[in-house]
Amino acid sequence: MFLSVIIAVIMIFGAMWTIVTEDLFKAIVIFAIVSLSSSIMFLLMQAPDVAITEAAIGSGITTGLFIFTYKKVEEEKDER
Amino acid sequence: MVEILLVPLITAFISDIFIKNKRLVWFLFLISNGYILYKLYSLYGKWDLTYILNTDYQIFGAKLSLGLSNNPLGWYFAFFSAVVTLVIAIFSIGFNTNSKGNVAPIWMLIIFANLGIFYAADWITFFMMWELMGWTSFFAITNGNTKALDGAKYYLALSLLGGSSMLIAILLLGAYTKTFIIITSAYRLIQLFNLAEGVFTTILLLFIMAFFIKSAIFPFYMWPSKVYAVGPEDYIAFMSSVMIKYGIYPMAIFIVPVIGNLQLPKIFNAGNWMQYFIGYLGALSAVVGTLLAMFQTDMKKLFAYSSVANMGYILLGFASMSIVGFEGSLFHVVNHIVLKAAIFLSLAAVVYRTGESEMHKLGGLVYKMPITFLTFLFGIIAAAGIPPLNGFGSKWMIIQALMEKKMVVLVISMVFASTGAFMYLFRALVSIFLGQLPERYKDVKEVPYTMSIPMIIMMGLMLLIGVVPGVVMKPLTIALDALGYKVDIATWTTLSSSFKNATIDLKIVFYMFAMGIVVAALMYLFGNKSETIPQHDNYTAGENPIEWGVDADKFNYSYSFYQPFKEMFDPLFERISIDRFFSSIGKNFEYISPTIQGLYKRGEGAVLLFSIGVLLFILGGWIL
Amino acid sequence: MNSIVFLVVIPIIAAFLSLFLGKVNKLIAYIVTIFNLSFSIVVLVSGKIPFNVAIGGWRAPYGINFVVSDITIFFLLLINVAAVLSLTTIKEHMEYQFYAFYFILLAATNGMVLTGDIFNFYLFTELTTFAIGGLVAYKRDRLATGASLKYLILSSTASTFSLAAIGLIYKTLGTLNFADIASKISNLNKASLSLILILFISSMLVELKIFPFNIWVVKAYDASIPAVNLFLHGMVSTAGVYGAIRILLMVFSKNSIMLSQSSNIANILILLAFITVIISEIGALTEKNLIKVLAFSSMAQLGIFLFGISLGNYEALKGAFYIVISNYFAKFVMFIVAKNYSVIAGSRNYEDMKGLGRKYPGLAIAFTISALSLMGMPFFAGFWGKLSIVGNALLMDKIAIIGVIIILISSVIEGVYYLRISHTFFSDGNIQDTKLSRINCVLPIILAAVILIIGIYPNSIENIIWTMINEIQNTPEKYIQVILPLK
Amino acid sequence: MTQVFILSSLSLMFIGLYGVLTRKNLLKIIIALNIIETGINLLLVSFGYIDHGITPILTSQESILNLNKMVDPVPQAIVLTSIVIGLGTTAFALALAIRYKITHNSISINASEEEEGRGI
Amino acid sequence: MKDETSVLVNIIAFLILFVIGIYIYSVAIDTGAGIKITDNITPTMRVADKYLNKNVLDDNSTYQWGGTAEDTAANIVTSVVVDYRLFDTTLEVIVLFITILGFGFVIPKDKRKIIKPTTILNRWAPILMLLMLMIGGYTFINGHLSPGGGFPAGAIISTAILTGVLTGRRTISQKSLKIIEAITGISIFSIGIISYFLTGSFFQNFILNDKIGDLFSGGLIPIFYGLIAFKVAAELSNIYFEFYEE
């Protein structure tokens, strides 16, 4: 029962941290953690289908995309 | 009856197709005007002719039906404006041979709207024709030259504003009196007075605002000077004489009967406060019009303000609410149409020949253009209200009516205004035609025949109405009688005044003046001749002012003719200027608009504003 | 009549095919659009109008269903006609992605009008957003990327709001079908209903271009190519208008036409409506770029439409329909004229288009006619709309009267800047003689003629609109028994 | 139990909305958008959740017997679709962000739209 | 670094969120009549009841394990996603199609350097690819029995192709990916059209009388999930090709 509370706390703090941090790469990594923990939350809500999809697409592909764009955007290193 | 409206529409369409060759288009214009005049003449007397077109468009639950009816007052206005339009049509054939833009198709549309306004039976048709006339006159004024744009924009904004206020008034009227027919809505509006006085006054004030904007009465007197100076001259002749009456017609047919038989307490037992409200506005526009006319240097602007003053006289006639006053102002409507058209035709002739409209740059044209001078002289005399010509009769009746109703302040302002009229009319005559002819206009010739004949016709008209007022008064009194006013039919040459048995026989007055002119002519012929000195010698001692680097025309005696008089009134006009007030409103809108464009151009506050919108909903949904 | 689903399926299949057929895409686009139009005409003529199609064989509240009633067919025709007309303005060769986006846009807008399920409506809105995002970004230059990105961010936040509303509806009422919601809406708690309404309306108003939500409009119109402007105007805002009518009037308003149970949400809508009108008119006053002027003016017209709807009486609703029709035709003409003139004059600034009216009078006259109809001048279609909206708003409460006065003032402003533009068209300027092919002069003239005919003789349109308003009048009963008789 | 789920998803949505409203960097905004999407998905599934519910998958005969203890499948169906929409939005927005970086050579949202900056 | 406008924006954002939060709270604890958003309505009171009991068409049909029913997918979520509300999922595929198309269309194509893959990755790549393909295959083949389904399967298969791209091995060319994508998309909708001609209404399940629980039950569902899996796999690997084009 209180596993869900722990996961919820992790998610909320991760979300806040992602929004607040300055460094982009750190934000992306923490976002990956948040989406993984949301996939666990889906499991706790008895929704395995959604959990797998969220894990595969929500955290897998999206984080990959973010890192890809981060690499492309960071190339010139003059982020104003 | 409906073919009288179809003919101008069809000619507008045809002339729009053949817009390229001018001769055909203006010839078509003349023929259709002639046809309209003939048709109007044949409609005289048949007052029960109506034409109803019912659409199944539902407004306030009932199906809307648009109608035209041959009401006597509408016929009266339409007939006499058709007469003058025909004359102007003849004039503009010659005038437009070499002008750039072609205003004939738009002008035909305006004539269609003109007839529509005078013949509308219900308010919705009236409003449709009114708005059509609004935007078509914008296109007629600008007619392609961009320097006319800001004056025309000013006029367009005002007329659209008038249109919207009239739309609100009509819809309120329709909602509360369940009818759009003009006559029945007038009666029901009077009963509505004691039910919902607030609504009654708003309806009346909104109507009055719309009509005053169109007829350039006091609060909205600025647009004629801006518009008449820039428009094509022959169209302006039509506009300044006929189109400025569109506000007067609904006043006569709707506002005056409603105010007339309102059971309101009489102030100094002369009239209720509505009458005084209209009266004072009329007086103000008469006085202000005259004063501003004096200070103008451009001749078209001068006569624009003189139109404002004449509209003031008509309103004063309405304010007296007596039969003679009512007849006098309606008679003045026709007089003003005729004399204003004559004056503007001669101005158009001057501009056609010299291309100049600043008075101090002109002078001495009397030798070169005698017929134009004569028409202008007749116009001046009529405008001043001197007996043999038509201006006198109507002003005389209005002042009689005001005296009889003991509205002394209004009489004083009217008399002040008409004496003021002498000043600026004389100034215009002197600076344009008398004095010395500047060198650049040495080879100016008289205007060709097609333009001088209509001017002669106008002179004849003015003289005819002046001597035999029955030509106008008889159809007017028959029309008023048909409308149900207790009025005795006027005789051919005598005008009845409001006091007992004080009639005036204009034939005798004409004979007296004829003898006076003969004596003056004799004295002129046998008196000693005056020798002419070049104009500039008297103050530049033979030197040529050009070497001083100064524009010689500024030294012309008619440059600022009434400078002392102007200094007397300047402090008054500096502080309160309605003109600045209205144009400042326009400026504010144009000032705010770049900030809004900035908001939309950057577009990065989108989500922020989205959530503010949600906030607005929450506050509304939750707190309210 | 199960084959109505072809209207959505055929364009999607064409979208898949468009990946390969580079050159032939334009032809396929014409074929598919004309198929859609003729199919909807066949359905109109077939006379079996109020019918319901259950997709996948599952009956109404449980499966997804398409509903075809008088309003649906009317808007379907509007959208498909808009699609055909805007295709004609595409001259040069477009990449295959453009046609893929176009097909999906066609399928999505048709679907939005047809669907009877709230989640399906959300999905179609999403599809429209993505398609429009892609089309706006078609030029891929600086302006287009910025406009498309900002539009995407705004519309995805808006869509999360509507997803939350759908979730709440499902949690409380337990169904996702419009008819079922309409029948169960009244036993909802007032506060919960206003929460759901607020979430739904805020995402709806983004598409209806109402003030706080319409920051994206001017950038999107300015950044996209003329054909996309026509898509945006013809298909997307018509579908948005349909969404507003169908959902706000038929689903969420139980018995009274009052837009929503809580009247103060209706007051806020009236307030927002006339604020949009006055702000977009003032914004357009000194705007030099013709396309931006048209964007501001289309915001104003939709503001008047929302004002007409949320007044809460049937004649004002009729006026709102007139405004939609007149805006639909008028804006079409104006966008086509703006495209042709900006091609000739080389810039979108209307001051450089001086004198074009003399060289191509047909286009300039059509532009003036549509401008006058938008201003609500008599003898044009817009007047009838303005007449009934102003007439009925005057009898309402105080906020409606203030709204009407502000709308009339803004129509004065609109008059000033529109006639100034048409005056610059007619004034004399030196324009070198680039020949404009005659055929695209014909289209604006026909549409302007339609506006004129409606303006002079409104009977034909009047009966069509009254059939639609009768359907809205006895909304839930008639609508539900069309969809849920099989219970 | 459901309170925890609903409250956590609501707070996720609020944090995401805060991020979208305040951040300047485009990638940050897109991350915040994703957080809102995840929050919404959690909210929807938590609407369907009942305490001590079991997964709505029929594994054997006795799972058919206690159907009424199963969690509501419809929100899960909706969330399946909405996750993929979230992916679509992110992919499209990221591509536009890269193009935005090239044309505006800055990824802050209020780069001015006018002509400066090299555009491809 | 924070200039005062962004501080102001922060405060406004806090204010807005605070007011929205309070409003939602007040709606939650509202005590008016009628269904409130907080009272727990069990699935049986919702549409889901018919999906659970699989008796949408006739009301009192029941089923038992191994027997036949309206929709024989054991995993009820899959039955809702692919059978009862199939149109949503097809639209979902279109959304993905459009966004990935937009992604490829908008992304600037410039020369990118290839990082040489590390030896570990190089050695393990084939095994990883096989593993991914097997997992993906499993998820969509019995999507109707165990959790999982078309979308995660597609994602997993696309990661297989990703490893191929990462290590530089040419598994599938972009042209063929586009062809697969188009073919699967068209076949999804053509099945819909076939079912229209066969059974009169779109996307109706025309393969019937399977039994719940066994592998090939659920009529069209496995076919649809397979097609969706391949389509998603093709689309996502399109993205990866953008990453590391040679």
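The chains carry the letters A, B, C, D and E, assigned in the order they are written, with residues numbered from 1 in each.
Here is the rule we go by: contacts are C-beta pairs under 8 Å (C-beta built on N, C-alpha and C of every residue); 3 or more make two chains touch, one makes a residue touch a chain.
As the structure is a computational prediction, the values presented were derived from the model and not from experiment.
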Chains touching both subunit A and subunit B, listed by label: D, E
Chain whose mean Cα position lies farthest from subunit A: B
Interface with more contacting C-beta pairs, comparing A-E to B-D: A-E
Chain of greatest Cα-centre distance to subunit E: B
Central subunit by CA centre of mass proxy: C
Approximate Å spacing (C-alpha centroids) for the pair subunit B, subunit E: 75
Euclidean distance of C-alpha centroids - subunit C vs subunit E, Å: 31
Distance between chain centroids, defined by C-alpha means - subunit A, subunit D (Å): 11
Computed distance of Cα centres, subunit D from subunit C, in Å: 28
Sites on subunit E at which at least two other chains make contact: 9, 12-13, 16, 20, 23-24, 26, 46-48, 51, 75, 77, 81, 85, 88, 91-92, 95, 98-99, 102, 104-106, 147, 149, 151, 239
Touching two or more other chains - residue numbers and ranges from subunit A: 47-50, 53, 57, 61, 65, 68
Residues of subunit D engaged with two or more neighbouring chains: 17-18, 20-22, 30, 48, 55-57, 71, 74, 76, 78, 80-81, 83-85, 87-89, 91-92, 94, 96-99, 109, 113, 120
Pairs of chains satisfying the touch condition: A-D, A-E, B-C, B-D, B-E, C-D, C-E, D-E
Subunit E residues within the subunit D interface of the complex: 6, 9-10, 12-14, 16-17, 20-21, 24, 40, 42-44, 46-48, 51-53, 63-65, 74-77, 79-81, 85, 88-89, 91-92, 95-96, 98-100, 102-108, 145-147, 149, 151, 212-213, 239
Touch list for subunit D against partner subunit E, complex: 2, 10, 14, 17-18, 21-22, 24, 48, 50, 55-61, 64, 67-68, 70-74, 76-78, 80-81, 83-85, 87-89, 91-92, 94-96, 98-99, 102, 120
Residue numbers on subunit C that touch subunit D, as the complex places them: 119, 123, 126, 130, 133-134, 137, 140-143, 145-150, 152-153, 156-157, 159-160, 163-164, 166-168, 170-171, 176, 219
Partner subunit E, residues of subunit B touching it in the complex: 608, 611-612, 614-615, 618-619, 622
Interface residues, subunit E side, partner subunit B - complex: 9, 12-13, 16, 19-20, 23, 26
